[in-house]
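Structures for review follow.
Two complexes, one shared chain (chain A), two partners (chain B, chain C).
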Partner chain A sequence: MDTATLHARRIEAMRNLDDGKLPEAETELTALISQFEGASDPWTIGEVASCLQDRATVRRFSNRWQEALDDLSRCERAAMRLPPLPRRMTLPNVHYMRALVLGTPYADVYNPGDAKKALAEFRKYPGPAWVADSAEADIAFNERDWDNAAALYLSVAGSLERESWMQGLAGCRLRAGECYVELQRWTDAERQLNASLAFLEKSGPPDMMAGARLNLARVRSARGESDEAWDLALSALSGIESMVRHFRDVNEQQRFLANKLRFYDRAFEIAQTKSGAEGTWRAWSIAERAKGFYLCQLVANAEIGLFEGIDPDQIARLRSLESELDETERFFSNLSPQAKASPQGQSADSRITSISQQKRDLLATLMKQNPRWAALKTPPPFDIKSELKKLNPQWAVLSYYWVADPNGDQVCLHIFWTGRDRLPHRLAVPWTSPELDALDNLRSLLRGTVSAGQSPFPRKLASKVLPPQLLDSLAPDSQLLISPHERLKGIPLHAIPVDDDRRLIQIVPVQFIPTLTLLTLRSNAVPSDKILLLGCPTNGFGDAPLPDVETEITSIAEIWQAQRPGKVESHILPPDALLDSDNLGLEHWSDFGTLQIACHGTFREGMPFDAALRLGSDAVRASELFSSHLPNARVFLSACSLGSQEYGSGRPTAGDEWIGLYLPLFYAGAQQLLVSLYEADSETAMHMMVELHAKLSRGVPLAPALQSGIGAAIASVPGGRPPALWANWYLVGLPN
Partner chain B sequence: MNQDLEKLIEELIKEGQVPPELLQQIQEAMNDPSKLDEVLSVLKGLGADQMGSGPPLDIAAYYREGKKPYALRWKLGAPLPMPFEQLDRKTQFFVLFQEWTRREMEGMMALQSGRVDDAGEIFRECLKRAQQIDVGELVARTYDDLAKIADRLGDRTAGRDYSRKAAEARAA
Partner chain C sequence: MSEIITFKLPDGSSVESAKSLETGIKQIAGVSSAGVQQTRGAEAIMVWVGLAKPVMDVVTKIIEFIKGKGLTGVEIQLPNHVTLKVDSASPADIERLLKALREAS
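This part shows the complex of A and B:
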């Protein structure tokens, strides 16, 4: 490739950026950098430096801050190999970009001191005054110094207009307009935003266009024009969501989303300006759109195989890493506690983390390489009223949405619900910091080993999440579908105390759903009537034996065989079993509509896609389930902790994704999952599962069957079983 | 090297922009072989040859023999020692090639100083100049320049179109 072609491809990559296709832009720039970084002729070095600077821009917009800084350092090193003039043209840009990255308050590398140093370096180079003003404007904007920022942006806009930098001009007017919105100078805001939008609607980029529409929506909303504001807010959201869909790797998507969630919060505010039921429906629909975005994207594209069109060598590499991880885990698990703490054990432990990271990186690469993965279809538009009307009237629906003010000083839980009449109700409940801390503390307590005496939900917080009006509206045959959000996701809300003696699930069957937007993706296909039961009381990983597994599987097999003779396949696996050798691999699972798997489960923090079912000497991992097919299946995982999710720093991830087994299993086609949020009590599990299957086999729907199962488990010991022993069982999925 | 030129080059390094006086001196040097080598070697050492629209071109490599002389369709930037029509065909080609270089540089300066309309007009003229002497690389570079204008105006469709034409011209 000659320098001209290299240049042309770099320019095209940046046009992709302007079209909102950030991953495509990054992929192309990465390919160019990899191919040419070692070049020695100055023209190519100059182009590589530009590629690195451009990739830093893409990564900055993708909220991958450290990687952006790394690229800038590499760019600087490349520039130092250039002759004085081109070096002089490159270095100020590096300092300027560095100042932008380090000076962004929501960046994970935010360092205002270093940002100022970078800006001082930038200022050593003379150049057009508007470039420095632009940096000043950004700083003022980040410091919420709205008057100053607006004046600076407009000054820069004048210079840009004179030099015909039209996109930059539109960007400055947009920022100035946003400053005026914050200052409540509506007429000034409207003038700038309209001028910006006139350009952006023709030329984009989509994120700026969405920003202009959202701010214009705020202006309309302030003027009481709620319908016009709503239309603009919806356009803004669609614009942002179309960009988000370009990210096919969930981690990258979440990072990109991190500073876009304000679009949902603003749209949510605007929705509420409409009075009556319509305002509630609007606000509720935004709340649901803010959850499980990637999950819906995956499920909408469920017919596209992960490995479709992927280099076989890459697939072989993934398989090799999976085997290596299994082997290392088996080795580590079989060590004595003392050996685990020894250098040899620590080395194996580090190796597990390292292999897992390599696997995760490779999986992300495969997802990005497959041109159709999570990309072919857009989920259908979400009309919440219509979707809820289609639900069986027995389902009462309860939904949560957290909104924090921009300073994080006040946090409010918005609760939506609807009963048999399908009229929407809403309540906004402010939470204090100690209450939030209590909830966050609960989340960390309900992981791994949980003592039987642990309360699964504090009584003092019960009224903050369960409105009495909702409980009063429930009929005897009601079932409750709960769409949690952020801090309430993965919390056993079915175990909320409703009175002195009972928990929520004891008065109404409960099922969770990641987001009600999933309702648009319900399948009408009839599931297979075949049942697969797999149990592994003792595995090859050295885990403690599970004495109740065999009874559980045998009992459930008897139950189903009585109802569906010839349709039940049941296996108790020995420690040395290998699923593929025994023809019990994932391909085989696709023949079944009901799958019950009782074994040890593992969920290691930081490795959510390596959460595993330990069956014999095999570990069936979440990552492997991405390539499985479980059409319309109900999956019951009678195993520890497989309902855990990744929470990173202890807080939920951006975009409110269900990172763990949920993503691959729903993508594989499963409709409902029953999982354990933390380490399960084997005996409780056995009682609960047996009763659940007994009810299911007699045609009882899943949520009431689980309610019966938990009831049976509670009643199986005199005086009742403590809630912590059964509250871990978490039913998630589409209502049937 | 004379002191004025040294100063101008220092200014170029400091400001990152080509001072008009330097441009003029370079243009004058183009007509004075005794100065040209000196100026070019200094500028090349600074990397000025990397500030344009692509690596320097070896003009002779682009000349193709033919019988029909070239027509002088645009006014020359500097007078020739003899009428253009009296030059042999190869020298005419060299003159027209250099004239493309001069005009393209003027276009780039117009673009850098924000005179986008002027730049567009010059580049469209450069395209005709490049087509006249049938040098694919010059055609391609001119399309690259037009793409820069389109991108600055936010017209990515036109930008992509020009880039595609540039690639086609290079491949031809």
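This part shows the complex of A and C:
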């Protein structure tokens, strides 16, 4: 490839950026950099430096700040190999970009001092002053110095207009408009935003256009034009969501979303300006759209296989890593506690982490390379009113949405609910820092082995999440569908104390749903009436034997055989069982509408897609379930911790995704999952599951069946079983 | 509602030995309920005990009962990760533990 072609391909790659296709832009630039980075002729080196600089831009927009800085350092090194003139043309850009990256307040490399130093370096080079001024305007903007920022942006805008750089002009006007919105100078804001939008609607880029529309919506909203504001806000959100869909790997999407969630909060504010029920519906619909975005995207594309059209060598590599991981885990698990702490044990432990990371990288590559994976179909539009009307009236629906002010000083929990009449209700509950700390502390306590005496939900916080009006509105046959958010996701809300003796699930059946937008993706297909029961009391991983497992599986088998003779397949697996050899592999699971799996389960922090069911000598992992097919199935995982999610630093992830077994199982087609949030007590599981299946076999719906199961587990101990031993059971999915 | 304390048995303990311990502890006056906790993940086996009132006398009796069984390496666990080794528990330690239990409830 000659330098001219290289240049043309770089420009082409950056057109993808303008179109909002960041992953595509990065892939192309990476290919060019890999191919040409070792070149020695100055023209090619110059182009490679430009590629690195452009990729830094793409990574900056994707919130991958350190990688952007690394690219700039590589660009700087490449520039030092250039002759003096082109070097002096490249280096100022590096300093300028560095100032932008380091000066972004939500970046994980944020360092305003270093940003100003980089800007000072930049100013040493000759060039138009407006470039440095625009960076200073950004710093003022990020420091919320609105007057100063607006003046600087308008000054820069004047210079850009004289130079006929219309996109830059539109960007400055957009920022100036946003400053005026913050200053509540509505007329000035509208003038700047309209001028900006006139250009952006013709030429993009889509994220700036969405920003202009959203700020214009805020102006309309402030003027009481709530319907016009709402239309603009919806249009802005659609623009952002269409960009989010370009990310086929969940981790990349999460990073991209990190600073986009304010879009939802702004739209939420705008929705609330409409009075009455309509305003509540609007706000509630935004709350649901902000949750489980990736999950909905996956489910909408569930008929597209992850491995469709993928290089067979890569699939073989993934399978090989899975086998290697199983083998290393078996070796590690069979070591004595002393040997686990020895250098040999530590080495095996590190090896597990390393193989898991290789698997995760490969899986991300497969997702990105498959052009249709999770990106072909857009989930249907979400009309919350109509979706809730379609639900059986027995379902009361409760939803949460956290909103923090930009400084994080005040956090408010918005609670929405509707009962049999389907009228919407709303309550905003402010939370203090100690209350939030108590909730975050609870999250960390409810992981791994949980002491029987642990309270699954603090009594003092109960009234902050359960409005008494909601409890009063429940009828004897009500069931409660809960859509949690962020801090409340994965918390056993069904175990909230409602009085001195009872927890929520003891007065009403409870089911969770990641987001109500999933209701648009409900399948009408009839599930298979066949039942698969797999139990493994003693596995090949050296885990302690689980005598209750055999009782559980044989009891459930008897229950179903009586109701559906010939439709039940039941297996107790020995320690050396291999699922594929025994024709019990994942392909076989697709024949069943109900799956009950009782065994040891593992969830290692930082390895959510390697969470595993230990069956015989096999570990069935979350990542493998992406390629399984479980149409409309109900899946009961009577094992430990498989309802855990990845939380990073203990707080939920940016896009409020359900990272763990939920993503692959819902993608596989499962409609409801019963999982354990932390380590499950074996005896409780046995009592609960047997009663649950007894009720299901007699046609009782799932949520009431779980309520009965938990009731039976509590009653099986004289004096009652402590809540911590049953509160781990978490029913998630679409209401049936 | 009773307060719960948990006794974590040493590594390698069997469910049967835990059940035997549970049966004995249930006979102690002041114990309202008890059970064995064996998870489907970790290898630990525990016996949980419900106390009608978290008082010194009852906890001391349970500890003496465990020691009388010849069991060593048992650890008392409370919510919020408060722990106490049964083998070396002094009356002052038990008093602190009860205080923590009352505060946690």
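Just so it is clear, the second predicted complex is superposed on the first by the 736 of 736 C-alpha atoms of A that agree within 3 Å, B and C clash if a C-alpha of one lies under 4 Å from a C-alpha of the other, contacts with A are read in each partner's own complex, and residues count from 1 in each chain.
Convention: contacts are C-beta pairs under 8 Å (C-beta built on N, C-alpha and C of every residue); 3 or more make two chains touch, one makes a residue touch a chain.
Every value quoted in this text rests on a predicted model; they were computed, and no experiment measured them.
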Exercise for review: Could you check whether chain B and chain C clash or fit when both are placed on chain A?
Suggested key: fit
Review point. Does the superposition put A:Asp19 against chain B (first), chain C (second), both, or neither?
Key: first
Review point. Is A:Pro393 in contact with chain B, with chain C, with both, or with neither (first, second, both, neither)?
Key: neither
Practice item. Would you check which partner chain A:Pro83 touches, where first means chain B only, second means chain C only, and both and neither mean what they say? Key: first
Review point. Between chain B (first) and chain C (second), which does A:Asp543 come into contact with in this model arrangement: first, second, both, or neither?
Key: second
Practice item. Could you tell me the angle at the CA centre of chain A between the CA centres of chain B and chain C, given to the nearest 10 degrees? Key: 150
Review point. What is the contact status of A:Gly46 with respect to chain B (first) and chain C (second): first, second, both, or neither?
Key: first
Check your understanding: Is A:Pro467 in contact with chain B, with chain C, with both, or with neither (first, second, both, neither)?
Key -> neither
Review point. Which holds for A:Pro574: it touches chain B only (first), chain C only (second), both, or neither?
Key: neither
Practice item. In the overlay, answer first, second, both or neither for which of chain B and chain C A:Ser451 touches. Key: second
Practice item. Please state the minimum Cα-Cα separation between chain B and chain C in the superposed model, rounded to the nearest whole Å. Key: 56
Check your understanding: What residues on chain A does chain C touch that chain B touches too?
Key -> none
Revision key, fill the gap. Residue set of chain B touching chain A in the complex reads 12-16, 45-48, 50-51, 54-55, 113-114, 116, 137, 140-141, 144, 147, 151-156, 159-160, 163, 166-167, 170
Review point. For the complex, which residues does chain A have touching chain C?
Key: 337, 445, 448-449, 451-455, 500-501, 543-544, 546-549, 598-603, 638-641, 676, 679-683, 685, 717-722, 724-725
Review point. Which residues of chain A touch chain B in the complex?
Key: 3-5, 7-8, 11-12, 15, 18-19, 42-43, 46, 82-89, 92, 125-127, 162-167, 170, 199, 202-204
Practice item. State the interface residues of chain C toward chain A in the complex, per the touch definition above. Key: 1-6, 11, 15, 32-33, 35-46, 48, 50, 77-81, 101, 104-105
